[in-house]
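Before anything else, here is the set of structures, which you'll find just below.
Below, chain A partners chain B and then partners chain C, in two separate complexes.
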Partner chain A sequence: MPEQPLIHARALVKRFGDFTAVDGIDLDVAPGEAFGFLGPNGAGKSSTMRMISCVSMPTSGELRILGMDPVREGPKIRARLGVCPQLDNLDPDLSVRENLTTYARYFGLSKAESRRRADELLEFAQLQDKAGSQVEPLSGGMKRRLTIARSLVNEPDLVLLDEPTTGLDPQARHLLWERLFRLKQRGTTLVLTTHYMDEAEQLCDRLVVMDGGRIVAEGSPRSLIQTYSTPEVVELRFADGVDYAGKLEGIGRVDPLPDRILLYADDGDAAVSEVHRRGLTPSSVLVRRSSLEDVFLQLTGRTLVD
Partner chain B sequence: MVHPTVAVLERNLALYRRLWLASAFSSFVLPVLFLVSIGIGVGGYVGTIGGVDYLAWIVPGVMASTAFQMAIGESTYSVLGDFRWVRAYHAMRATPVEVRDMVAGWLLYILIRVEIAAIVFLGITALFGALHSPWAVLTPVIAALVAMSAAAPVMAFAASIEHDSYFALLFRFVMIPSTLFAGVFFPVDQLPQLVRPLAYLSPLWHGVELSRAATLGVAAPWPIWAHAGYLLLCCAAGLTWAIAAFRKRLQD
Partner chain C sequence: MISTMVAARVSPSRVGAVMNRNVGALRSGPSYWLVLLSGFFEPVLYLLSIGIGVGALVGDLTLPSGRVVEYAVFVAPAMLAVSAMSGALSETTFNFFFKMKYSKTFDAILATPVKPFEIALGELAWAMVRSSVYTIAFLMVMVALGLTSPGWALAALPATLLVGLAFGGVGMAISTLMRGWQDFDMLTTGQFALFLFSGTFSPVQDYPVAMEIVVWLTPLYHAVELVRGLAIGELSWGLLGNAAYLLVMMALGLTFAARRIQRTLCV
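What follows is the complex of A and B.
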């Protein structure tokens, strides 16, 4: 018998008044998985996450977290979850260490245990030097690391990360990814939302693409790319604004964007040779590996990050 | 295992540790200044009231109104801030802490603050010779009732609003009039018959009269059970409202 899924949802719906944020999704997340919700702002990722964290009640449908019902057993479920919300909600006037210890106490840990966990997590988040400092002056990346460390204070079975790296600079993002990757290696089940395809590719074993409150595709990053895109993509830019899409017909699937034309091909270099053979002279040519961004574009007709 | 209410209280006390000196100073230095300026200064002109000197007469009122003002002050910006800016309640919401723990944890914090101020104030006024009855030892309990009956509904109010400018209205139209007209500085009998019921509505008046009965060893205008009952009623109603308001704010 397969292990019981940590998250199990069927026909899950969340409405706010007339607005349907989540429009009937099915979902199963197994223990040890790193699972991602990919989609643009407003796709319903955060609403789904909030239902999974048992802070928002489903409008309809079935939802089981750790095998329990969030409506009746909220506190019991939350005791075993680690939640890193989209907006940091650290206590700015408490020290870095106090933020961890006070939060540990919310889970009923003893004072000694809270201190021990705080020490461990300070090291995990690489904030030992900042232990006594107040949170207010910390950089965005440090605050984010502290929020993630705080979400681990109860040694959760399931860690929920809502846009863990949005708004961080590239260096801070890479450090965070490295920390999250470590968690994953330890076997912690991670569920995250993101609108960055590189983040999803780095961290997720499996992901769903959401758009307009629905799941439009599901699979591993690689299988999604295989199904919905080609191995390589050629990005062509033309200086003169003439419509070149028609002249590229037959080389591969053509996707004209406002600023560039995407040409999907199994072999990017061969496609570029063909472009030149037809006498076209793009001002710039870029051959790259296909990414989840292309998958998203193919599925929804829109780019992920505006 | 630590109770979640206690965990919330601990967090509130950890925050208080950072600013306790300034706030402790104002929480009993201010009432003492009041006593000296009004009790002794104004009292010199007033003489006696109901057979006791004016200082002894206003001491219980100042104590109750200090509890009242502290309770309101601590239930406004801090509570709204923990919803809007700090989002501390949202952080708690993601843990086993429940709404009732959030409300109780903050009320207990206020209670501790008020009790420290009340006990210190009681000691100082004893030195002034302003306590005329051993029943005065009950005034910290009365201060606790006044504080809870004011803090709980104000917390509910703070959890229901979006902008802090509403607090100015609360201070101007509830807190200051209550302090001025609820029998702290002069008997409510001096008010025109028509507006007296407004004073009776304020939990502060009931606390002032109970405290005065305790420090002077005289009878209160209403039976003790009526004054205490009204205060308990305000506490219960305020608590119910606060839990509902917190729940409404945090649910979606």
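What follows is the complex of A and C.
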């Protein structure tokens, strides 16, 4: 018998008045998986996450978290979840350390146990030096690490991260990824939302692409790229604003964007040679590996980050 | 009330954790302590200026029972009820609203096993700490000034707790309806009107009948009646009615606040 999924959803719907945020999605997340929701803002990722975290109730459809019903057993489920919301909601009246110890108490942990876990997590989040500081002066990356540390205070079976690195600089993002990767290696099940394809590629074993409240594709990052894109992509820019899309026909699938033209090819260099052979002179040429961004563009006709 | 609590399976440790958060916040800086201190002095200053100052001009006052007391003896229990009210309200309005709307403290708590009703209970319990600090200090002032006896002061203490619970419950309920800080002006004005016209400075029996009925419906009147009856030892069956009013007020406030937390934050 296969292992029971930690998250099980069928025809899950969330409506706010007339607006349908989540429009009938099916999901199964297995223990130990790192699962991602990829999509632009407004795709329904956060609404789905809030339902999974048993804070917001589904409008209709079936949802089981850790094998339990969120409507009837919310507190019991939340006791085993770690939630890192999109916007940091750290307590501004408490110190860094107290943010952890106070939070541990909400889970019914003893004072001594709360202190022990706070020390462990301060180390995990590399915030030992800031233990006594208030939250406000911390950098964005530090606040994020503290929020993630806080979500681990109850040693959760399932950690939910809503856009964990949005708004962080590259260095802070890499540090955070490294910490999340460490969690994943320990066997913690991670569910995250992101609109960064590199984040999804780095962290997720499996992901769904969401758009307009629906799941439009599902698979591992590699399999999605193989299915919906070509191994390589050539990005061409032309200085004179003439429509070159027609002149590229036959080289590969052409996708004209406002500022550049994407040319999908099995062999990028060969495609570039062909462009030059046709006498075209782009102002810049970039050959790169295909990414989830291309998958998303192919599926929805839009880019991920506006 | 009790059945609601049992149905909701309230966990004392989770309620305690919500309270514990506020104890932690006390250490955040001196500003909180200043606010705490000023809240205590306000009714004391009224007692001194009006109860004793104006009282010297007013002279003595005859109670419905026929007993004659100094004006300050009449005013002091009202100020005691006011301090219980304002102690509970200051925690459950400004601070509660900030935690609910701006610092997203309750959002963070609701991601844990803690339930909306437990947040409401924990916040109310915390408000009672502040309210009790005010009333105990004020009772000591009253005993020191000879405005009540130690025995009646002890009898009045539970009454002030009930006053705090009632206003704290309603304060939270009101806070969940606030749209922004500007709405608090209305609350402050309402609180001041209650403060002036709840039989605080003059017996309600002296008001025009229509006014007396309006006052009879408002909460601080019942708080003042109950606290005054016990503080000056004028016991009557009417006090039970006052206490019942306050109990219902607390239960409704708590239930409404919990439901609003659920409706607003768990969407």
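The working rule: the second predicted complex is superposed on the first by the 306 of 306 C-alpha atoms of A that agree within 3 Å, B and C clash if a C-alpha of one lies under 4 Å from a C-alpha of the other, contacts with A are read in each partner's own complex, and residues count from 1 in each chain.
Please note the rule applied: a residue touches a chain if its C-beta (ideal position, glycine included) is under 8 Å from a C-beta of that chain, and two chains touch if they have at least 3 such contacts.
Note that the coordinates shown come from a computational prediction; the quantities given were computed from them, not determined experimentally.
Taken together through their common chain A, the two structures put chain B and chain C in a clash. Contact with neither chain B nor chain C is seen for A:250 once the two complexes are overlaid on the shared chain.
With both structures placed on the common chain, the touch criterion links A:187 to neither chain B nor chain C. Contact with both chain B and chain C is seen for A:105 once the two complexes are overlaid on the shared chain. Contacts of A:87 after superposition on the shared chain: both chain B and chain C are touched. In the superposition on chain A, contact of A:17 is made with neither chain B nor chain C.
By the touch criterion defined above, A:75 lies against chain B and chain C together after alignment on the C-alpha atoms of chain A. In the superposed pair of complexes, A:301 makes contact with neither chain B nor chain C.
When the two complexes are laid over each other on chain A, chain A has residues 16, 53, 55-57, 75-76, 78-79, 81, 83, 85, 87, 89-94, 98, 102-103, 105-108, 154 in contact with both chain B and chain C.
Across the interface of their complex, chain A is touched by residues 1-4, 6-8, 10-11, 14-15, 18, 86-88, 90-98, 250-252 of chain B. Residue ranges on chain A touching chain B, taken from their complex, read 16, 50, 53, 55-57, 75-76, 78-79, 81, 83, 85, 87, 89-94, 98, 102-103, 105-110, 154. Taken in their complex, chain C has these residues touching chain A: 11, 13-14, 16-18, 20-21, 24-25, 27-28, 103-105, 107-115, 265-267. Taken in their complex, chain A has these residues touching chain C: 16, 53, 55-57, 74-76, 78-79, 81, 83, 85, 87, 89-95, 98, 101-103, 105-108, 134, 154.
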